[in-house]
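Contents: one structure, followed by commentary.
Think of it as A, B and C in the order they're written, each chain with its own count starting at 1.
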Amino acid sequence: MRFRIRPVDTTFYDLFTEAASHLVTGARLLAEMLAEGADQIDVAKRMREAEHAADETTHAIVRRVNSVFVTPFDREDIYSLGSGLDDIMDLMDEVVDMILVYEVKVLPSDLSDQVEVLQRCAELTAAAMPNLQSMKSLQEFWIEVNRLENEGDRNHRRILATIFSGEFKAVEVLKLKDIVEALESAIDGFERVANIVEQIALKES
Amino acid sequence: MRFRIRPVDTTFYDLFTEAASHLVTGARLLAEMLAEGADQIDVAKRMREAEHAADETTHAIVRRVNSVFVTPFDREDIYSLGSGLDDIMDLMDEVVDMILVYEVKVLPSDLSDQVEVLQRCAELTAAAMPNLQSMKSLQEFWIEVNRLENEGDRNHRRILATIFSGEFKAVEVLKLKDIVEALESAIDGFERVANIVEQIALKES
Amino acid sequence: MRFRIRPVDTTFYDLFTEAASHLVTGARLLAEMLAEGADQIDVAKRMREAEHAADETTHAIVRRVNSVFVTPFDREDIYSLGSGLDDIMDLMDEVVDMILVYEVKVLPSDLSDQVEVLQRCAELTAAAMPNLQSMKSLQEFWIEVNRLENEGDRNHRRILATIFSGEFKAVEVLKLKDIVEALESAIDGFERVANIVEQIALKES
């Protein structure tokens, strides 16, 4: 009897890269949604499509982690990373959805600062995913995402102060607060993803 | 020395079925709560009792998973399923509680659509739990729960649009939004339970 | 060949005790924040420092659990307990932050009942952490924390009724509700920690 060495499955790196690329799309659609004169119904439709595509990638990750014999890192970490990425997509989709359903009249202009933070987080994450294979340059990734999350936190506090300044009616405050908090949760989601990546890298080192 | 085969513990199927049957009770009490002329204080009292009964079932599951040597499927899946069912009960209890504590004046009539979705989810789940033993008919279960969750999602968006239409005062909007969101979270909870069941079934297949 | 018995790492007990002591500090700062004539900006600054210190303790726990070979109890339980304690600190910090950022005018006086519950939970938890080593007196701990959580729950309902009584303007209701809910989540966080401790003790017994 001979033990054959089973090659480590590389599909996971591709799937994580795919998942993160949906987030790049999502963040771009968010920026479009906030742009003056945007066709909001069309943007929402495309966001829904991106969210469905992201769902499929997540399902592919879950199916694979449940069916393969050897995984490149702990099954639970794969699962956490997959659902961590998926949660961000759901939050982005929710923001677009709320802008439509709530029929928000005026969006504070500093919302676009948060969307910019999201776009940079998404791009960094998409660039980092392929590096999970070599475990290289990951530290720069999580340090930068943590820095961006701090920036997002400061933006968030400033935006909340604007919303509660007395300038907006109570019902508008209620709507805006939901939207602003979903944006912040999405940024927090990237920090969570970066922490999972950090933990994976630490275990491997 | 001889290895004896330890029979797999079947108590878990009974406990999960019991947990899901509390949810059938909870969903029925929610429907009662919304019915015209309901004795809301009495319904809330019975909901609290149902919630306590559900807590005891959950504790029995946790105690059992921590004390037995052989479990019918992964310990963490048993734990997830148990706490997933328990979370739904907490949310149903919360809805009844909020209606009382907030002294909500007028409830939008389409809330009952969401409660109907919840009742169907609860019944499907209670019917599916015994099938965890044979692993039969589970696919129909999770497909149907996912379909119901999509229906609930559409209801939710419609109800939010109603609440924010300008017809309600800001403080009432605040109350209703909380209630409506807890209903939706409860429906999401069933989807999460269905996903856990799917994952258990996939591992066994 | 000889098996050497590796001594169980006791650092974890110290780290958990340290984490809980940050919560004692946090709860005390919350009480200061609510006191008449408080220098809120200074309290917020000290809360931020306490929160950073707590973060460092959490990171030390995570690093240790990922690097040592033998842990005194299941790795995932260590991780849950560490992040459970950290979540409470985040919520306390959030409360102080919201009071500042929202520029809340009037805080209902019964908020201090909740802060008192938090202080007692924090002290009990700090006293219980060293007992994880001997596994003694832990039952009294989780029973008492569960009792306090019930007390907090009754306070919470009473405070919500006050907030929604019509005495406060809609925007103030919105602010207060957030603050009150974060306080309740912090108390729930202690119950979650007590449940994790119970589960660890049950596994060891």
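Criterion: a residue touches a chain if its C-beta (ideal position, glycine included) is under 8 Å from a C-beta of that chain, and two chains touch if they have at least 3 such contacts.
Chain by chain, the UniProt names read as follows: A, B, C = TIGR00153 family protein.
Computed from a predicted model, the values in this text were never measured in an experiment.
In summary, the pair subunit A (TIGR00153 family protein) and subunit B (TIGR00153 family protein) forms a contact in which the copies contribute largely different residue numbers, shared numbers making up under half of all those used.
Taking CA atoms, the transformation carrying subunit B (TIGR00153 family protein) onto subunit C (TIGR00153 family protein) includes a rotation by 120°, reported to the nearest 5. Averaged C-alpha coordinates give centres for subunit A (TIGR00153 family protein) and subunit B (TIGR00153 family protein) that are 28 Å from one another. Of all residues in subunit C (TIGR00153 family protein), those that touch two or more other chains are 170-171, 174.
Taken together, the subunit A (TIGR00153 family protein) residues at the contact with subunit C (TIGR00153 family protein) in this complex read 157, 160-161, 164, 166, 170-171, 173-174, 177, 199, 202-203.
Residues of subunit C (TIGR00153 family protein) that touch subunit A (TIGR00153 family protein) in their complex: 62-63, 66-67, 97, 101-103, 169-171, 174-175.
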